[in-house]
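First chain A sits with chain B, and in the next complex the same chain sits with chain C.
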Partner chain A sequence: MTHGTAAVAKVDSPRSPYARRKTTRGNYELYSWVFMRASGVVLLVLIFGHLFVNLMVGEGVHAIDFGFVAGKWASPMWQVWDLLMLWLAMIHGTNGVRTIINDYATRDVTRGVLKGLLYLAFAVVVVLGTLVIFTFDACPPGSPAELLPSFCTA
Partner chain B sequence: MWSWVAHRVTGVLIFFFLLVHVLDTALVRVSPEAYNAAIGTYQTPIMGLGEAGLVAAIVFHAFNGIRILLVDFWAQGPRYQKVMLWVVVGLFVVTMAGFLPRHLVNVFTGGH
Partner chain C sequence: MTATLEAPAPAAGEIPSFTVTLRVRRFNPEVSDEATWQDFTVEAHGTDRILDALHKIKWDEDGSLTFRRSCAHGVCGSDAMRINGRNRLACKTLLKDVNPDKPITVEPIKGLPVVKDLVVDMEPFFASYREIMPFLITTGNEPSKERYQSPEDRARFDDTTKCILCAACTSSCPVFWTDGQYFGPAAIVNAHRFIFDSRDEGGSQRLEILNDKEGVWRCRTTFNCTEACPRGIEVTKAIQEVKRAMITRAF
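Our next item is the complex of A and B:
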């Protein structure tokens, strides 16, 4: 062993070893990225099914009226379907629009106001839509029977 | 690049439709008359064309969304992203060819 190499061996590595920076803001953006992809796949099935049943079957859009909705929501399957579609589409859409606001609204105030409006719209629509599904009354008293589904009089 | 712009535009469009759509559906809690009156406006020819546009937006956004997924998660995805864009366009044309004639016949000749 020569004097020289011993000296070299003592020299510290010039750079500090790689250490992952501890993230201080959490993994929110990562989760949102994953969520956009996972919810997209589920939404594809839910929305295509929704559009097919409401626009393609029978008379399509002309078949829709109060009785049509009552008939669908009499089945727990469609209640769950619509509930999932409501929540997933609203979270996916709100998250997507949030990204777009972040991209284009450069002034802090503008961005804050737009996001405030966005979250307000989200809350109102999700709460209202959920209440509508669960408090729906297929046979409201006092309504003309011809507007109601046939099972109301049966 | 243009597919990214189209994905954005269609996403925002669907989002705003959904806000209005949940409000109009909420009219089932007001009265059958109120709901039928609102949904009646969906059955006019002009709205019928709007619905066709909305469906086109969703079909593109959905298929292109799956393409984004494949680019991100499939090892060969980035290599085939261009080919897959043409697959998206092809699937879009096929789906709309199945949807449009039937919907337009409903809109223009259907009725109560």
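Our next item is the complex of A and C:
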């Protein structure tokens, strides 16, 4: 059997990646799994509540303009509602895409790059969104009165 | 040689016979690094299984065709293969049940390194099986008689005792295909068999092992494993029960 050794070496190489690389025990994946279920239920309420109030109550979709949004965000209830919706949706979505990347990316480099882009997108949207909700000025000076909510004086 | 064989055996005359084409995935690392498809046409009876057709090919046509089989009756779990794109045991699949009008594709199970033709290296599969400690763990002195168990307690894990470790479930799992790091359904099923055994005391150790990043939380409930299991084990259900046990333990 002169061909024996070379052929065996060829068969050996694909086996190596199959050993489990390291033990990664801990409750992280457990909490992430529970979070996905819990946030999913909360998001159902938040999103359909949001859609109902914006699109169906009163004049419905035709009422949406700067004044409508400004009026909503003048109330702390809607600030908390939208902030919660933003954060939960972003964490829920990011975690879901993270799972998909883990499942489908076969190379560690690809996985790392994709996750880096994902977390960057997450950070940009969450920071920007939070900033808007908290620093939003309902009555910017010098704008036409018919666009502003009714409680704006001057 | 062939003259001694009477082609249509008279005894089998009453069973309808037909010709069937098997499209087999061939791989021989001593010849080529590429796997290729090869068609074999054999005469078969309505009572023949995929395994009988493979035997006919190996014995009468091409002796180099390589596959595993031991008991040939669906108990040893040696001959799991991908037949028409689904993981089955070659010894439990009748040719007439997988549409013999078209060529039947026969491939090695996916996600494990192929050694030759239909034979795969099962070591990664058994490595994760060993990791969940598939043996009874108890504390205290050995009892002087058998360990009693009520029929209800026995029924709790009855389904998962049926596993024959054929790897049909694990190699049907898309998560396992990606990088082979996932423990796989078979390891979880065999952990389930001990976790829910009233006589076993290693439950929390096993749950701890499967709480790994590559453990039960990588299951996406696609039900491929349940569909693939030749023993009819409700694999996905067993995995969910292990998940539930972990959550009730954590909160």
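Observations on the model:
Operating definition for what follows: the second predicted complex is superposed on the first by the 127 of 154 C-alpha atoms of A that agree within 3 Å, B and C clash if a C-alpha of one lies under 4 Å from a C-alpha of the other, contacts with A are read in each partner's own complex, and residues count from 1 in each chain.
To be clear about the criterion, a residue touches a chain if its C-beta (ideal position, glycine included) is under 8 Å from a C-beta of that chain, and two chains touch if they have at least 3 such contacts.
Only a predicted model underlies this, so the values are computations on that prediction, with no experimental measurement involved.
In the superposition on chain A, A:Gly129 contacts chain B only, with no contact to chain C. Contact comparison for chain A: of chain B and chain C, B touches the greater number of residues. Shared-chain residue A:Arg25: touches chain C; no touch with chain B. Of the two partner chains placed by the overlay, only chain C lies in contact with A:Tyr104; chain B stays clear of it. Touching of chain A by both chain B and chain C, each in its own complex, is seen for no residue at all. Residues 8, 11-12, 14-15, 18-19, 22-23, 25-26, 28-29, 31-33, 35-36, 39, 42-43, 48, 51, 55, 58, 62, 65-66, 68-69, 72-73, 99, 102-103, 106-107, 110-112 of chain B touch chain A in their complex.
Put simply, chain C touches chain A in their complex at residues 29-30, 33, 112-113, 115, 121, 123-124, 127-128, 131, 174-175, 178-181, 208-209, 211-215, 217-218, 220, 243, 246-247, 250. On the side of chain A, the complex with chain B involves touching residues 37, 40-41, 43-44, 47-48, 51, 55-56, 59-62, 64-67, 69-70, 86, 89-90, 93-94, 96-97, 100, 121, 125, 128-129, 131-132, 135-137, 140, 143-144, 147-148.
Within the complex formed with chain C, the residues of chain A that make contact are 3, 7, 10-11, 14-15, 17-21, 23-30, 32-34, 102-106.
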